[in-house]
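Below you will find the structure I want to go over with you.
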Amino acid sequence: MIVTLNRRSFLASTAAATGALMMPGIARAQDAIRVGTVLDVSGIFDAYGTPMDMAQRLAVSEINDAGGLLDRPVELISYDTQSDIALYTQYAQRLVRQDNVDVVHGGILSASREAIRQTLRRANTLYFYNVQYEGGVCDRNAFFNGVTPAQQAEVLVPWAMSRSGPRVYILAADYNYGQITARWLQKYVADNGGETVGMDFFPLDVSDFGSTIARIQTVAPDLVIAPLVGGAHLSFFRQWAAAGMNARIPLASTTMGVGNEHKVLTPDEGNGMMVAYNYSQELDTPLNNAFKERWIAAYGNTDAIHEIAVSHYMGFHLWAEGVRRAGSVDRDAVIEAMEDGLSVEGPSGMMTIDPQTHHTTLDVHLMEVRDQKMEVAESLSQRPPVDTQAVCNLTENPDDNTQYEIEF
Amino acid sequence: MVRCCLKEAKRMDLAVVILVEVLYAIAWLVLVSAGLAVVFGMMKVINLAHGEFMVLGGYATITAVGLGVNIFVAMLIVAPLVVGLFGLIVERLVFRHLYGRMIDTMLASWGLSLMMIGAFKMIFGNTTTGVSGPIPGFTVGNYQINGYNFFIIVVALLLLVAMLAVLRGTRAGLVARGAMQRPDMASAMGHSPDRIYMLTFAIGSALSGLAGAVLAPLIGLVPTAGAGFIAKAFITVIAGGPSLVAGLASASGVFGLVNQFFSFLVSPVVGEVALLVAAVALLRLLPRGITTRFFRGRL
Amino acid sequence: MVGAAHKDFALIVILGVVLILGLPLMVDTHVLTLLIAYGMLALSLGLIWGFGGVLCFGQAAFFGLGAYTFAVAGINFNESTLPLILAVLVPAGFALVLGALMFYGRLGDVYLAVITLVVSLILFRWINSTAGPDYTIGAARLGGFNGIPGFPILNVPGRPDLMIWGETLYFVAAVSLLIVFLLVTWLLRSSFGRIAVGIRENEERVSLLGFDIRARKTVLFAIGAAIAGLAGAFYATWAEVVTPTLFSLQQSAEIIIWCIVGGLGTRFGPILGAGVLAYLKFALGQQNMIDNMFVLGLVLVLFVLFLPRGLAPELARGWHWITGARRKPTRRNHAPRAEVSNG
Amino acid sequence: MAETVLETEGLTMRFGGVVAVDNVSLKLKARELRCLIGPNGAGKSTCFKCLCGLLTPTEGRVFLRGEETTGWEPHQIASLGVGIKMQVSSVMDGLSVHENIWMAARRFNDTDAARRKADEVIERLALGAITRAELGRLAHGERQRVELGIVLAADPWLVLLDEPAAGMTGEEVERMGDVIREMTSTAAVVIVEHDMQFIRSLASTVTVFHRGRVLMEDHVDRVMADPVVRDVYLGKQA
């Protein structure tokens, strides 16, 4: 291999050949469909990743128990990215070059998604990002089934403000998710006649919030909204409660509970926090109850189930349905089948692919944490991803490859 | 009229809150650095596994609490004992073969730190654990403060006083002071340096364990949490210079003040960077530490 | 002497070419490229520490700086030749300033370690908090925790459309490492290198001979940083993403361990150490039985205790023993880590 | 009249409250041999360190060949052509005899000339047998000779020696004396020394230090005969 003329076209045409070349001695099970995942099963984001990995394995075993996909078994190749963004590109490259997978599911933090999205696009390997995020990514090679700000924050903000007051303080994780989400929150606060009186960003390893809690008190907001992420940021909620602030200023979050934080915190620490997600374990639907039973059969109890584990599970089934409809695992065939407005019903209700954005239309529930549970206060059914729809149209512009950010 | 005074009162409250936060930051640095300072002061050895010793203290506390031990007993007694004992074993196994080889000792302790992180991951899982603070919130006028901050401040203060008392008032302290000034002095006085080093290391480890234990309720404990402690402890001890207690207190004072000032004014990240910049500036100006210029000859 | 030098260079080139062609038969070139970037990084510290006596606890700072420079400049210029040069120059320039600050301040060993450590921590903290949209250099967003993905990878000079990747990247990186190795060999044979070794052995003596050790140490420090920066650029083009963890303490720690395990005071040792340990880490990362940090730590402790001179001198001794060609007695390597500073 | 190569003016060095060197003024002519003596702690070594730039005096000035060098770095002073040997044997242990001496010569010569110069010095000091040996493995006397070689290799016009004869055997001391006398044909030499026998054999002018001050300055024989000096010196020694 000498210097290649055009790297992209080269990769596309020889990805399969390279993979085979690199591991000459190993015979492959030609008939298995190969699914790759990259998830943080260890490190400070393991609270997100481990249940997602469990959900992934559950979904794969469900499909294999039912005879596989297109009469072929599904083989899962998963890598633990150890909460290290640099490992994402490494393992993504390995998945496409060496393991030669048919699809990649995974990525948790938006940073990890952006680290691998281009690699997978270049390699023409279909990518599913199954986690709630800040919205706006427009890429025909990728599908998104997590809630975006227009689905989540747009309803959470007015609801939380109506239960507290118009002066809002925002505390966000300092990376693309937190930065962009904070700007959406600012917009919705203003749209609802409120005022953002303060905004702070915290790197993901900050765990001492003492000075911040004092600062918030000098501003005395009516409401704090905290899109904080990861194990270190969990201490904010602890310290907030330890200072007795939870009795004084109501708190809402777009992320709290996604990693089952409400189960790690004591009831006293967590009670009253307001959130909005696509899923709650407390949803009493036949599909959710059946799902929980299967989960219990596999893992003993439902402790680990959380929002993004379920969306990961749903994302995998969305892809599986796309493969069934397409009758092949070929990337273009699957994309076309998916763009046909394909939908799947599961533990979190109905999910329908929006062909224009490759995002999904889904249910959103406004919830309040009560005794380590998320009690549903209000359900809003089938909300489309209007934020991304406003900027992204893959039907007209299939080569688009940008993440649009909210201008404010 | 009433309004102005309310504002005045609120400002007073805020001053109290900030004062408590600053004292807390200083106390935090004192606690985090104490174990390292003892080992460095006596043996001129930088124990780079210090952060992991602290994490071990944290895990010891959490495990003990999980077994039903009272949290204060777990923090103040169980954790220092466990970590002190661990330090003793490690000193016998590894470090005593390396005395006089300063850089090698540092590297071995670094290796130990990596091993401990690995062991934590295998034993406790690469995940975040924690306990909730045992002290309720505290009201100052219009403000709420984390009551646990006071506990940290008191522990740090008691620790400094205890160190001073031991160094000043006991025979062991006398020997220790001798050893700090001239390493050969202690042996001349008829004390085996081997034993002194062993005990110093064990005591330093116990202090690390104590620090990790009392800080555990404030943070989410992960196997790699030690890295966050060692750098600041390292900086504080070196910047403090040769006098144990005075160096610890003065360096912690300067850095805690700088850190909290900027944290409060801008953000915690800027506070931390300000601390680091202050450290570089301080070492450039006083390359042998604060206590070579001020507080000379004190403890 | 001149003849001996030529023979040495020829030997290095022959061995180098054999290794470059032979290694891909055993290890996947994708992994090898990473090992080469790490080997170059280890060589950079091996030079300043093993031959100059400067123990830098923040060598990763220059590595990260090189990688970030490559990424940021690549996004701005849309090609990679100038960025590659900048990736060498920017860390070198930074090291000149930092080195001057430290060495002209007559800081002792431990203080040097603290300052380098603190500086790399500052860089890490700063880079890690640049996620906001305001932190841009030209067209490049620094991205904070996200790092910078999607920058142009290495291309043939003058031809941004001819990209170098995969197996080609391996050969380019390997030949670059060989060239850097030859340059280091030449440097160590020059007066500058020999005086640098003198400084390692006895700083005061050399200054009393009339050499300005501060300037010399600063220059050597900058050369080390330049090599680390180049390694960073190769890492960046290999990984296709740069993240703040490049600046981390963990990364700095690994470089030091590579040097110790490979053999300080040798040129080949650090490269060997990096190759062996990075491959070990990679292989251990594939399994969940035993944590790779644990193994790495254990290796370091065992080496410090039982094999403080590292692998390379032992291998050399074994080689001489096998060939029976003990032309000169094996030198006791006075690595600068054996002394106790009483300053 | 020979030119003045070394001069100090009111040289004073304080450490905290201790005055180690107190208002010392020295003057040395070209090719002069001068010994600084005095009991332990008299300040002669501190004074020596001020001369070669290892310490910056608190007060006072140092001139070398008329140029003020107060506060200069050691390497700047050495660069003027001053050869310095410290009290504690200070060589590059990991390097060979030849490399050590070559490095000293390299400061004032190019690579090849430095090699020739090193060969010459090695020959002159009869170090030929151990030229490739590593310094760390040599006996004390040999190391001292190598140090002298390091000083000679730079062709200095001023040589500063701190206790050159310490720890040497009688025969070695004798040879050292010869080398030093030979040095004075081209350079002024300052020696800090304890060993009275050695000083006597050099038969030079002596400056006696006591409590940081210059007690007396005269020819060695007259100094040794002086009752005050005997009192100070021997009183302390005993």
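Each chain carries a letter (A, B, C and D) given by its place in the written order, and its residues are counted from 1.
Just so it is clear, contacts are C-beta pairs under 8 Å (C-beta built on N, C-alpha and C of every residue); 3 or more make two chains touch, one makes a residue touch a chain.
Note that the structure is a prediction, hence the values are computed from the model and not measured.
Student: Could you work out how many touching-chain steps separate subunit B from subunit D at minimum?
Tutor: 2
Student: Using mean Cα positions, find the chain sitting nearest the overall protein centre.
Tutor: It is chain C that sits nearest the middle.
Student: Can you compute the centre-to-centre distance for subunit A and subunit C, using the mean CA position of each chain? Integer Å is fine.
Tutor: 38
Student: What whole-Å value do you get for the distance between subunit A and subunit B if each is reduced to the mean of its CA atoms?
Tutor: The separation of the two C-alpha centroids amounts to 39 Å.
Student: Which whole number of Å gives the spacing of the CA centres of subunit A and subunit D?
Tutor: Centre separation, subunit A to subunit D: 75 Å.
Student: Two or more other chains touching the same residue: where does that happen in subunit A?
Tutor: Correct list: 174, 201, 203, 205.
Student: Hunt down the residues of subunit C that sit against at least two other chains at once, touch-wise.
Tutor: 125, 128-129
Student: Which residues belonging to subunit D are in contact with no fewer than two other chains?
Tutor: Within subunit D, no residue contacts more than one other chain.
Student: Touch graph across the chains, line, ring, star, complete or other?
Tutor: other
Student: Contact residues on subunit A for subunit B in the complex?
Tutor: 42-44, 46-47, 50, 82, 174, 200-203, 205-215, 217-218, 220, 231-232, 234-235, 238-239, 241-245, 248, 264, 266, 269
Student: Quick check on the complex: what are the subunit B residues that touch subunit C?
Tutor: Interface residues on subunit B, with respect to subunit C: 46, 94, 97-98, 100-104, 106-108, 110-119, 121-122, 227, 231, 234-235, 238, 269, 272-273, 276-277, 279-280, 283-284, 287-288.
Student: Touching residues of subunit B toward subunit A in the complex: what are they?
Tutor: Interface residues on subunit B, with respect to subunit A: 14, 17-18, 21, 24, 121, 125-128, 130, 132-133, 135-139, 142-149, 217-220, 222, 228, 260, 263-264, 267-269, 271.
Student: In their shared complex, at which residues does subunit D touch subunit C?
Tutor: Interface residues on subunit D, with respect to subunit C: 52, 54, 73-80, 84, 86, 90-95, 99-100, 102-104, 106-108, 111, 134, 136, 150, 154.
Student: Mind listing the subunit C positions that touch subunit D in their complex?
Tutor: Subunit C reaches subunit D through residues 191, 194-195, 197-198, 200-202, 204-214, 331-334.
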